[in-house]
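Lettered A, B and C in written order, each chain numbered from 1.
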Amino acid sequence: MIALLLRDLRLALRAGGGFGLGLAFFLIVTVMVPFSVGPQSALLSSIAPGVLWLGALLACLLSLDRLLALDWEDGSLDLLATAPLPLEGVVSVKALAHWITTGLPLVLAAPVLGVLLNLPAQGFLWIVVSLALGTPALSVIGTFGAALTVGLKRGGLLLSLLVMPLYVPTLIFGAEVARRGAQGMDAITPMLMLAGISAGAIALLPFASAAVLRVNLR
Amino acid sequence: MMPDLGKYADTVLSAYAASIVLLVALVALSLWRGRRVRADLRAIEARMRRDG
Amino acid sequence: MSLWEYANPKKFLATSERVLPAFWALSGLCLVVGLVWGFFFTPDDFRQGSTVKIIYLHVPSALMAINAWLMMLVASLIWLVRRHHVSALAARAAAPVGVAMTLIALVTGAIWGQPMWGTWWAWDPRLTSFLILFLFYLGYIALWAAIDNPDTAADLTSVLCLVGSVFALLSRYAVNFWNQGLHQGASLSLDKEKNVADVFYQPLLVCIAGFVLLFVALVLYRTGTEIRARRMRALIARERAGAA
């Protein structure tokens, strides 16, 4: 499993795809927001947590179709399916690799971008915490979506359509944590809910993803 | 015959109209596709039987 | 194609063909009676005026929008466990009906909300959940349409339906939570069924019965269509294979 994880990470680094692209997208979205809503700092600081969350979500979404598609095309997915490692494990590792290459940089970049959006001072900690808790769920759910659409020629748009509704609870609780934190309100309850969703998704969804992948590899 | 709908006449009537249009469209589309598929299937089955 | 492959679908077609006219007639009857009763022969509500008449469309369609998804969930489970082809096709057949019901509920709700709340749309938990349900329906239908192999499509959409159900439920709670956090004390609730007076309740029941029957009739009919379409594809494929 560790070998597979290292291989995925190395591939992502070398190809330069997921790593930089997701971050750059996050940056672009954040920069575009003041252009579209205006530069009033009060307005920006009140929508900053939501914008950061939405940007992170979109950046995650953008990198999903590369998650399994490359391995599918060159046939290494078939090899992995026949390997002694159970497919559930493969899927989990894939999700983990996606999180390390996409989710983690987003978490680290969020406070920097928060400065651009005039995020209130007490919000920085919360945006990092909420993203750190929420992005694993985004990766795991996204892996499920990628497994669903892996066999399709132009799966990208369909993938977004399928994954977006599944992201709703994570987004709601995640953005709620960040917003409440930024306003200095108590953010513990939504944070626990967010953590619960992440834990549940990490525990259960790999089984669904693996089942779906088996169907697609049939 | 027509009940007095008061100032909300537009609201009520447009809600009924929209719903009935949607329902009729749903039924019509279902029936239309059903008919077409049935006819096509019959044609193909006849052709298969003729050709063996 | 071996016989057992379509033995069940054939039986399904024969049986549904026999009972369908009754369902069409009954649902039409219930809808006409219920809607005419509701529209022409019920009094106006003292607070809502004549807009209360929208309830005869709004509540049944909202009910069916949720029940259609439940039916798809059950059918998907049956397909996953028993590999019963008709079941997968029934789930597929029900989805567009569910979409139409969701749309009716949303549209009538918006039209009703305009004079009552002064807005077409509010991010009220119920409204929002329905919008999310609508998105789930769209994704489900799109996935069915995107995959060529019918068995693969049935498997994938079934799993999506299962996972989607869990997340739809989660969204429901998340949305409840989220809106409380946004504006406390917003009393935009549609839940008036509990205190609906008998004058409204009886025609409403008839309308609900009409919508349920209509749903059953549509699903039976559309499943038949799907079975025929599937058989047609198989025949065409065989013809091509024979010609080649």
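Here is the rule we use: a residue touches a chain if its C-beta (ideal position, glycine included) is under 8 Å from a C-beta of that chain, and two chains touch if they have at least 3 such contacts.
Computed from a prediction, not measured in an experiment: that's the story for all the values here.
With centres computed from Cα atoms alone, the innermost chain of the structure is C.
Of all chains, B has its CA centroid at the greatest distance from the CA centroid of chain A. Once the centre of each chain is set as its mean CA position, chain A and chain B turn out to be 42 Å apart.
Between chain B and chain C the centroid-to-centroid distance comes to 15 Å (mean Cα coordinates, whole Å). Chain A and chain C, compared by their mean Cα positions, are separated by 31 Å. Across the interface of their complex, chain C is touched by residues 1, 3-9, 11-12, 14-16, 18-19, 22-23, 25-27, 29-31, 33-34, 37-38, 40-41, 44-45, 47-48 of chain B.
On the side of chain A, the complex with chain C involves touching residues 144, 148-149, 151-152, 155, 158, 161-162, 164-166, 168-169, 172-173, 176, 179-180, 189-190, 193, 197, 205, 208, 211-212, 215-216, 218. For chain C in complex with chain A, the touching residues are 132, 135-136, 138-139, 142-143, 146-147, 152, 155-156, 159-160, 162-164, 167-168, 170-171, 173-175, 177-178, 181. Interface of chain C with chain B (complex): residues 35, 39-40, 44, 49-51, 53-54, 57-58, 61, 96-97, 100, 103-104, 107-108, 111-112, 114-115, 214, 218, 221-222, 224-225, 228-229, 231-232, 235-236, 238-239.
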